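Before I ask anything, here is the structure I am working with.
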Amino acid sequence: MSIAFLGLGAMGVGIAENLLKAGHEVTVWNRSPGRDGHIVSAGAASARSPLEAASDASVAFTMLSDDAAFESVLGGDKGLLQGLPSNAIHVSMSTIAVSTADRAAAAHKAHGQRFVSCPVFGRPDAAAAAKLYVLAAGAAADIDEVEPLLTAIGQRTFRIGDTPSQANLVKLCGNFTIMAAVEAMAEGMALAQKGGVGKALLHEVLTGTLFDAPIYRNYGRILVEEAYTPAGFKAPLGLKDMRLAGEAAETYRVPMPLLSLVRDQLIQTIAREGEEIDWSGIGKTVAGNAGL
Amino acid sequence: MSIAFLGLGAMGVGIAENLLKAGHEVTVWNRSPGRDGHIVSAGAASARSPLEAASDASVAFTMLSDDAAFESVLGGDKGLLQGLPSNAIHVSMSTIAVSTADRAAAAHKAHGQRFVSCPVFGRPDAAAAAKLYVLAAGAAADIDEVEPLLTAIGQRTFRIGDTPSQANLVKLCGNFTIMAAVEAMAEGMALAQKGGVGKALLHEVLTGTLFDAPIYRNYGRILVEEAYTPAGFKAPLGLKDMRLAGEAAETYRVPMPLLSLVRDQLIQTIAREGEEIDWSGIGKTVAGNAGL
Amino acid sequence: MSIAFLGLGAMGVGIAENLLKAGHEVTVWNRSPGRDGHIVSAGAASARSPLEAASDASVAFTMLSDDAAFESVLGGDKGLLQGLPSNAIHVSMSTIAVSTADRAAAAHKAHGQRFVSCPVFGRPDAAAAAKLYVLAAGAAADIDEVEPLLTAIGQRTFRIGDTPSQANLVKLCGNFTIMAAVEAMAEGMALAQKGGVGKALLHEVLTGTLFDAPIYRNYGRILVEEAYTPAGFKAPLGLKDMRLAGEAAETYRVPMPLLSLVRDQLIQTIAREGEEIDWSGIGKTVAGNAGL
Amino acid sequence: MSIAFLGLGAMGVGIAENLLKAGHEVTVWNRSPGRDGHIVSAGAASARSPLEAASDASVAFTMLSDDAAFESVLGGDKGLLQGLPSNAIHVSMSTIAVSTADRAAAAHKAHGQRFVSCPVFGRPDAAAAAKLYVLAAGAAADIDEVEPLLTAIGQRTFRIGDTPSQANLVKLCGNFTIMAAVEAMAEGMALAQKGGVGKALLHEVLTGTLFDAPIYRNYGRILVEEAYTPAGFKAPLGLKDMRLAGEAAETYRVPMPLLSLVRDQLIQTIAREGEEIDWSGIGKTVAGNAGL
C-alpha cells in the first residue's frame, strides 16, 4: 500500500519504520528537516510538504505534537487536505482535542476524503517495538481497511466508535486516569513519609497487593526515586492534555473535580519547577506542599 | 499455641477458622452472641467476655468494625487489657485510627503486655481462603513470634515498621488509593458516556492497557453495572476510613486535596442515596452530577 | 464628540443613551436589527455595519456578549478595524479573554488606531443610571482622552494599567470573587439548614456582622429565596467567565483551586438544571448535593 | 447579679471587665494564675477553681480556647458542673464543636442547671469596647434572662435557636466564610500579580465596588502587606475551626468542597510556615504555589 507519514518525532519514527518493515511504500515528511535520514536509508521516500507526501497515497498517517501542528499540516496550500487523493484515508494518531478531530472529519468529508482517528497508548520504545495500543474510531469500513496497518504498529486495536473524535476522547480519559493515579500515590506517599513509613515501602505494598499494574509500578518508581528529570513526558504536555479533557468536559457538561485538581497541580508544578519537568513531577509538588 | 479471637464478623470468622485449622487452640468471643456456632462445632472454645477469652492466651487477635468497638473490647472490667496475661501479644487487625493504635500500644505497655498492629487487605472470601495481605507493624521480635500465625491466615505479610500504628497508616493509605481510583474511573466514564462512548468500553480499554489491576477490574465492573447495592463495603465505613486518614493527615501536616475530594463525594453519596450503598457508590454521584 | 456605539444589548442601550445625553453625536449599530428604535428617536444615528458606524468617529465603543461576537465586529470587510479612522480610539467594554484583548490591541496598532479596554461592573439598571464602575487600561494619554466619556456613563473609573488586557484580567478576577462568595454562602447555608438553622437567619447574621457588602446582601437573598430563574446573569455566561479566568491562570501559571471548584459547580448546575438558570444557581447544586 | 467568669484570655478579660462595669458582682478564675491582677483591682473577686467561682453565681460565663479546655473546666471534682447552683445558667462563649455543646447541654440538664451557648464575632479590641456580635442559642426564657448581660458586652445579639449548639454551628459557618473570602482574594491577587496588576490595586477595586465589607478591607490589607506575623489568630486555631465545621458537615451529611479546600490550604501553610503564622497566611501559600 502507498502510505504518507507526516511527523517524525520520537513516536512517529518508530511507527513509520514498522509500516516500512511490513512491506509498504512509505513517503515521509517532517516539519523540521533532517529527521528522515535513517528511515530514508531504510527505503522510505522523502517529501517536501504534506501535499507532496500525500499526493499518491491511499493512506496518510499523522503523528504530531499538538493541535496547532495538526492544523497547520492539514491546512494551507501545501497541506494534507489539498494533497490527499479523493477517497483516501487520513489516519490521525495525534493526541488532539475532540473538537479539532471533529473539524478535521468535517473538512475531509468536504474534500471527498476519509478520516479515521487512531491515538495510541505507549512510549517511544513501544512505538519502535510495534507494541502500541491503538484506539480506533471512524466508519467501520474505513477502520477495516486500515486494520492491517494498525496491526503492523501495535499489539492491540480497540474499536471505539463511529465518530472519529471518540477515540480522542478515550485517549484523554486515559491520560487523565494516569495523572489521577500519580496524584493518589503522591498524596499517600507524603502521608506515609511524615508518619515514618518510607515511600518505597508504601509503593511495594500497593503494587504488591491491589495495584499491580504498569502505571503504579512505573510512575510509582519515579515518585520513589524522585526521577522527574529528564522528562519522559513534559508537564506542559500533560497540562495540555488535561486542558483538552477539560474542554470536552465543559462541552459535554461533565463536572470533573479530580481532573481540575490534577490540572491545578500541574500548573503549580510548572510555576515552581519550570517547563522541563516530567508530568509526574506533581509528586514533587505534593511533597513540597507537605513541607517535605 | 493458645489463641483468643475477639470479633466474629464476616472477616473474623474466616480468619479464626484458619487459625483453628493450623492446629491452634482457639477461644472465641463476639459482642453479639450466636455467631460462634460453626467454629465451636469445629473445635473452638467459647468465652463470655474478652477477659475470659484472653485469660490463658499467649496471643489475642481482634478484628472489630471501628474504633469505638475496639476501645470497648480493650477497656472495662471484662476487657482485654484486664484479661491478657503479662507478656502476651495482642494482634489487632481492625482498621482503626493511627491515634487509637498509639493509645492501645501505650496501654498494653503499661499493663506489661505487647501489641502488634496487623490490618489486612482482602474481602471475606480472601479471609476464608487464607489469602489476605497482612500489614504488620510493631517490635520485630514480636512480629517474628506471631509470624507463623500470620502465615496461616494470609498469602503475604509486609513488615511496615517498629511502631504498631504505622501499619494502620498504610492501611488507610491503601483504602484512600482505592477510592481515588474509583473516582478517576467514574469521572472518565461520565465524560466518555456523554461523548457517546459506553462506559463498558472505556473500562475494557483501561484494564486492557495500562490499568490491568484487580482494583480497576473489580470496581470498574461495579461502576459499569451500577451494582452499588447490596454493598460489599458500605459508604459510611468508607467515609470513616477517609476521616481517619484525614485526621492523620492533619496531625502530620500533609495537605491531601484528593483525599478531601473523595471524602466529600462519599458524604454526598450518603446524603443522596442513604447509608446502605457501597462505597463505590460515589460513581453514582459522579454520574448524577453530570446529569446522567 | 463623534461616537460610534456597537452592541445594543441590555447593557449597551443604557450606556449609549448616557453618551447621547451628555451631548455627543452617537451612531449606533447592532447585529440583530430593530434594537435601535428608542435611541434613534432620542437623536442617535443608525448604521448598517460597524464600518459605517465608525467611519466618522473619533471614539468607538463596543459592548458585546462574548469573544466570538467581539471578533466578528472587529474583523471582516465591514468590520471596525476597516472602518475606524486612523488615530481614533476603540473603547472595549465587553468581558472578553485577556488573549483576545491582546490580539485586538495589536490589530488596532497595526491599523494605526488606538485601543483602550474598559470592562465594567454593574447590571443593566446601573448602566441606565450611569452608575457603572469602569476598569480602564491602556495608554494613559488615551484614557485621559476618553475619561469625560467614562465619567458620563459610570460612578467611578479605576486606572488599571498600561496594557489594555489588564482591565479584562481584573474584571475576570471580580467575577470569580463573586462566584466564590456565592459558593461560600451556599455551603454555609446548607450546613446551617441541616443543623436546624434557617438559611435566612444565617444570611442575616453574615450580612449583619462581617459581610455587610452588596454581593452578600443581594446574592444571599437569591440563595435564601431560591430565586434562580429568571436569570439575571445566566450560568453559561458565568461559566464562560470562569473559563476565561482559567485560561489566564493557565497562561500565567497560577493554580487557582477555588476557581476550578466554582467552574465545576457551574458545569454541574447546567448539567442538571439547564442553560437558563442564573449563575448563582450553584446554590441549588450545593443544596441538592447535601440532599436538600 | 452574681457572676462567675472563667477564662481570662485576651477575649475574656475585656468581656469580664464590661460585666463588672455594668455593676455586677464578678468572681473570676483562670487556668494559668496571674491573669486576674487588673480586674481584681477593679473590684472582681478571685477564685481558685471553677467550682469555687461558681458556687454563689446565678450566671457563669466561660470563654476558653478549645474543646479540651472547655471540657476540663466543666468536669472534674472542682469543675463547673459540680460548682454551679441548681437552676443557674452557664453562658458559653467559646468556639467549640457542635457535639461538645450538645454534650454540655445534656450534662447541665442532668445536674438541674441551664445552658446557653453564646459564641461571638469580634477581636479582643471589640471585646474590650463592648462591640462584640453575640450569637445566642438555648431556651428563649434563658436567653431573656441573660440578655441584659449580653447587651453589656456586645453591640448586637442574634437569636439563633432553641438548641444551644446551633449558635456554635453558625459561629463555625462565619469563620469558614472568612477563610473562603481570604482564599478568593489570595487567588485573585496571585492571578492579577502574574498578569502585571499589583495586588493593592486589585484590593482597591474589589473593596471600592462590590466587596465593601470589613472582612475584605481588613484581610485584604493583610494580604497586600503580607503581614502574616505576628498572628491575630493563629493558623492552627483556624484549622481547628475548619475541622470542627468539617465534623459537623460529616455528621449532617453536607459535602462542603470549599471548606475542604481552605482546610487543606491551612494544613499546607502550617506545614511550610510553622504554627505561629496568622490564619490568613493561606495567602502566602497561594502566592507561593504560583511561584511568587
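Observations, loosely collected:
All chains are identified by letter, namely A, B, C and D, in their written order; residue positions are counted from 1 within each chain.
The rule is simple: a contact is a pair of C-beta atoms (placed from the backbone, for glycine too) under 8 Å apart; a residue touches a chain by one contact, two chains touch by 3 or more.
It should be emphasised that the depicted structure is a prediction, and the values quoted were computed from it without experimental measurement.
When chain centres are defined as mean Cα coordinates, A lies farthest from chain D.
Chain B and chain C, compared by their mean Cα positions, are separated by 53 Å.
Distance from the chain A centre to the chain C centre is 38 Å, each centre being the mean of its Cα atoms.
Distance from the chain A centre to the chain B centre is 39 Å, each centre being the mean of its Cα atoms. Across the assembly, chain B contributes residues 249, 253-257, 261, 268, 271, 289-291 that each touch 2 or more other chains. If you draw each protein chain as a dot and join the dots that touch, every dot ends up joined to every other dot. Per the touch definition, chain B reaches chain A in the complex via residues 98, 121, 133, 135, 156, 158, 160-161, 163, 165-166, 169-170, 172-174, 176-178, 180-181, 183-185, 187-188, 190-192, 194-197, 201-202, 204-206, 208-216, 245, 248-249, 252-259, 261, 289-291. Interface residues of chain B, counted against chain D in their complex, comprise 239, 243, 249-250, 253-257, 260-261, 263-265, 267-268, 270-271.
By the touch criterion stated above, chain A contacts chain D in their complex at residues 257, 268, 271-272, 289-291.
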